[in-house]
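Multiple structures follow.
Look for chain A in each of the two complexes below; its partner is chain B in the first and chain C in the second.
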Partner chain A sequence: MDALTDNASAILDGFWLTIQLLVVNGIGALVLGTLVASLRLSPVPVMRAVAGLYITVFRNTPLLVLIVITYFGLPEVGIQLGFFTRISIAMSVYTSTFIAEALRSGVNAVPLGQAEAARSIGMPFTMTLTQVVLPQAVRATVPPMASVLIALTKNTSLAAGFGLAEATFRLKGLVNDYATERWVIFFGIALGYIVIVEVISFGAARLERRWRVA
Partner chain B sequence: MVAMRGVQKHFGALHVLQDIELDVAPGEVVVVIGPSGSGKSTLCRTINRLETIDEGSIEIEGRPLPQEGKALAQLRADVGMVFQSFNLFAHKTVLENVTLGPVKVRGVAKADAEKRGLELLERVGVASQAGKLPAQLSGGQQQRVAIARSLAMEPKVMLFDEPTSALDPEMIKEVLDTMVSLAQGGMTMVVVTHEMGFARTAADRVLFMADGRIVEQNTPEEFFTNPQSERARDFLDKILKH
Partner chain C sequence: MRKLRTIRLAAVAAAAMLAVTACGNAGSSDDEASKNTYEVVKDPSFESGSRMAALNEAGKIKIGVKFDQPGVGFKTATSDTPTGFDPEMGKIIAGQLGLEPSDIKWVETVSDNREPFLQKGTVDLVIASYSITDERRQVVGQAGPYYVTGQSLLVAKDDDSIKGPDDLKGKKVCSVTGSTSIATVEEKYGAKPAGFDTYSECVDQLKNGSVDAVTTDGAILLGYAAQAPDELKVVGEPFSEERYGIGYSKKFPELCQFLSDSIEKSFTDGDWKKAFDATLGKSGSDAPETPKLDGCSN
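This part shows the complex of A and B:
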C-alpha cells in the first residue's frame, strides 16, 4: 500500500487533471455535438450533408490518430497551443460526434404525434422544437449521453502518451518505481476511474428519475 | 366555415382523396364515416394542413390555407384538432397541457390561462387530475384533456380524427358525452369516427366515404334508414348487424 499512500498527492493531482480533461471536453463536446445534431436534423439538405460528413470522418477515426494529428499537426501549420488544448481539440471533436448521434436518436424517439399536436395548437416550427420536441428528446438522451461521458472519462487516459500528467500517466510512473506493488497500483488507479464513472452514472440515474414522464 | 373544392391527394400511386367537395356551415356537426383506408382521416388532416393536398383548394372562413409558416400557425390556432392517440405533451402536467397554447401562442397571462384551463378541465370532468402527467391518466381522461387543450385555444372549428378508436368501450362513452355536449353548445365540428351512435345523435350531416371519394351525404336519419348507394348499404349491413 506504500506506493499509493506515499504518493497520494501526486495521484490526486493526476486525477484532478483527468477531471479537468473530462469537464473541458465534456462541455466542448456537448456544445459542438448540439450544433452538429441541429445541422443533422435541419430541413436544409446541404446542412444535413455537412453534418453527416463531419460525423462520418471524426467518429470513424481512432481518437489516438486524431490526437496525433492535432498534437503534431497544428504546430506544423504554425498554430502554437499548449499540450492540453491540442489534445482537447481532438478529444472534443471526436466525442461531439457521439453526442450528436445521441441527440439525434433522442429527437427521433419523440413520437411524431407530439409535434403534430404542437403544430395543431398553432405553434410555429421553432416553438414546436423548443417547447415540445427538444425537452422530451433530451430526456430520452440521458442514458446514451451518460455512456458517451463514461467513454470520454476513460479516453482521457490517452493524454498520458502526450506528456499530460493525468491519472494514467501517474500510473505508469508508479509501476516503474514500485515494481513489487503493481497490483495495488493498478487497482488503486482503476478505483479512481470507477469513482468518477459512478458519479456520472449516479447523476444520470437521478436526471432520468426527475425527468421521467411515466 | 370550411370549404373544400376539387381536392385531390395521392400517396404514391394511391389516389387517397378524389374530387372532394365539402362545405361545413358554422355550428354544423359533420360526421365522416366509411371503411378503413377510405381517406376519411386524411380528409380531416388536410383541413389544418397536417397533410398537404396536390390539387384543389381549402378555405377556412373564406381564407385559403396558407403555406407552411407563421400565417399557417395562426390559422391552426383557430382550428382545434383531437387525435386518435391523444398526443398530450408527455412532459407537461395536465394543466400545463391546457395552458401551453394560450400562454405561448396567444400570449395570455399565465394566471389567467390557468384559471381558464381549470374551468375547461372541470367542464370535461378531469379537474381533479390537473397536476398529474398524462401517462398517469386513463385513455378516456387523456382524450378529454386533449379536448380541453383544443378548447383552450377557443377554436372556430374542431376536427376529431377517430377520437375514440384507441379507447376501451367503457371510456368511449365519457369522451362521446363530452363531444355531444360540445356539439349541442354550437361548436362547428368535423368528426371522423366509427361510432354510429354518435353519428345518429349528434350529427347534422353524415358523410360516407369510400376509396377516397365522398360517396354519399345526408342527414343521419335518412342515411341510416335509407342509404342511397350500394357501397353505403353494404357498409351499414356489415357494421350494424351485431
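This part shows the complex of A and C:
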C-alpha cells in the first residue's frame, strides 16, 4: 500500500486534473453538441448539411488522431496554445458529435402527434417546444448522455501521453517505480476512475427518477 | 508537406499508443548497425542443468532491448536488427554463451513490460537502459552495472534561462510518461512534468516552444542535440546516477555470476570500449571509466 499512501498527493493532483479535463470538455461538448444538434434538426437544408458533415468528419476520426493534429499541426501553422487547451479542443469537438446525436435521438423520440396535439389545443410554437417536446426529449437523452460522459471520463486518460500529469500519467510513473506493488497501483487508480464514473451514473439515475412520468 | 508530416506523426503516435509499444521511426537514419564482431566461444562448458547450459544447448536466446532510443537501443522501421550500445552488449553476452549474433531473437521491451517479460519468460535477458534499483531487484535479478550515465537537460539553443536542474522550478519539462527522469525533475526540482510517449515527440514539442526542456539520460539527449545542433543544446552536468544492469529471471540465479563475469571480461579485453565507440561514442564523447560491478551476493 506504500505506493499509494506515499504518493497520495500526486495521485490526487492527477485525479484533480482528470476531473478538470472532464468538466471543461463535458461543458464544451454540451455547448457545441447542442449547437450542432439544433442545426441538424433545423428546417434549413444547408444547416442540416453542415451539421451532418461536422458529425461525419469528427465522429469518424479517432480521438487520438484529432489530438495529434492539435499538438503537431496547430504549432506548424503558427497557433501556440497550452497543452490543456489543445487537448480540450480535440476532446470537446470529438465528444460534441456524440452529444449532438444523443440529443437528436431524444427529439426524434417524441412522437409527432404530441406536437400536433399541443397545437390543436391552441399552444403557440414556443410553448409547444418548451412545455411538450423538450421535456420529453431531454428525459429520453439522459441515459445516452451519461454514456457519452462516462466515455469522455475514460478518454481523458489519453492526456497522459500528451504533456498533462493526470491520473493515468501518475499510474504509469508509479508502476515503474514500485515494481513489487503493481496490482495495488492498478487497483487504486482504477478505483478512482470507477468513483468518478459512478458519480455520473448516480446523477443520471437521479435525473431519470426525477423526470419520470408519474 | 505539412499534411504528410502530420499524417506521419499521427501514424507514429497511433501505433505507439495502441500497440503500447514505442516503435517510432523518429531519430537519425545514420544509426547504422555496427560492423563490430565479438568473440564467440567455441563449446563453452557450463555446469549441467544450469540456465547457461540450457541456452547454449538450445542454440538461441531472446534478448529484450529498447527500439526507440538512438545510440542506446534503436530500430528503424526498415532494419531487421536493433542498433545501439545495449544490443552490442547483448552480442557480447551471447558470444560468451557460444551463440552467434544471428542466434539472438531481439524483442522490443518498453519501460513498463520489462519485469513481466522476464517473469513470464518472454525474454531471457533484458538489456534495455534498465537502471538498477532495489525495488526492481525484489522481483527480478539485475547484474552489472555495465554502464553508468546521468540525467541531463536538453534545451533550445537560444535559451539562457536554464543552465542546470536548479533553474527548472515552474518550467515545463518533457520526458517519457512513467520514466524516472520525469519524476526526479518534478519531485526534486519543482518542474512541471509533461509526459509524452516517445523522446522524439518531446523533442518536437521543445522545438515548437511548447515545453522548456527535455530530460532523460545524457547519452540519449546528446544524440538529439547532434541531429539539430543549430536548434538544441545539452546543458549542465548530469544530476543523477543511472546504473544500467542486465535483467534476468530470479528463477535462474546462476545467471548473475555468468553475466558479471562476461561484463568484466568485456571490460578487460576491450570489447566493451569497442561497443561504446561504435554506438554512444559517435556523439563525440569518449568512453567513460568502466563501472565497478555490484557482485552477486544480494
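Convention: the second predicted complex is superposed on the first by the 208 of 214 C-alpha atoms of A that agree within 3 Å, B and C clash if a C-alpha of one lies under 4 Å from a C-alpha of the other, contacts with A are read in each partner's own complex, and residues count from 1 in each chain.
Here is the rule we go by: a contact is a pair of C-beta atoms (placed from the backbone, for glycine too) under 8 Å apart; a residue touches a chain by one contact, two chains touch by 3 or more.
Small disclaimer: the values here were computed from a predicted structure and weren't measured.
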item: First, second, both or neither for A:P143, with chain B first and chain C second; value: neither
item: Chain B versus chain C as contact partner of A:P124, first or second or both or neither; value: first
item: Chain touching more of chain A, residue-wise (chain B, chain C); value: C
item: Chain B versus chain C as contact partner of A:I69, first or second or both or neither; value: second
item: Contacting residues of chain B [partner chain A, same complex]; value: 48, 50, 68-70, 73-81, 83, 85, 87-91, 100-101, 104-106, 133-136, 146, 149-150, 153
item: Parts of chain A lying in touch with chain C, wherever the complex brings them together; value: 62, 64-65, 68-69, 71-73, 75-77, 80, 83, 158, 160-165, 169, 172-173, 175-180
item: Residue ranges of chain A touching chain B (in the complex, touch as defined); value: 111, 113-114, 116-125, 127, 131-132, 135-136, 139, 211, 213-214
item: Residue numbers on chain C that touch chain A, as the complex places them; value: 2, 5-6, 9-10, 13-14, 16-18, 111-112, 115, 133, 135-136, 138-140, 172, 174, 177-180, 182-183, 186, 192-197, 204-205, 208-211
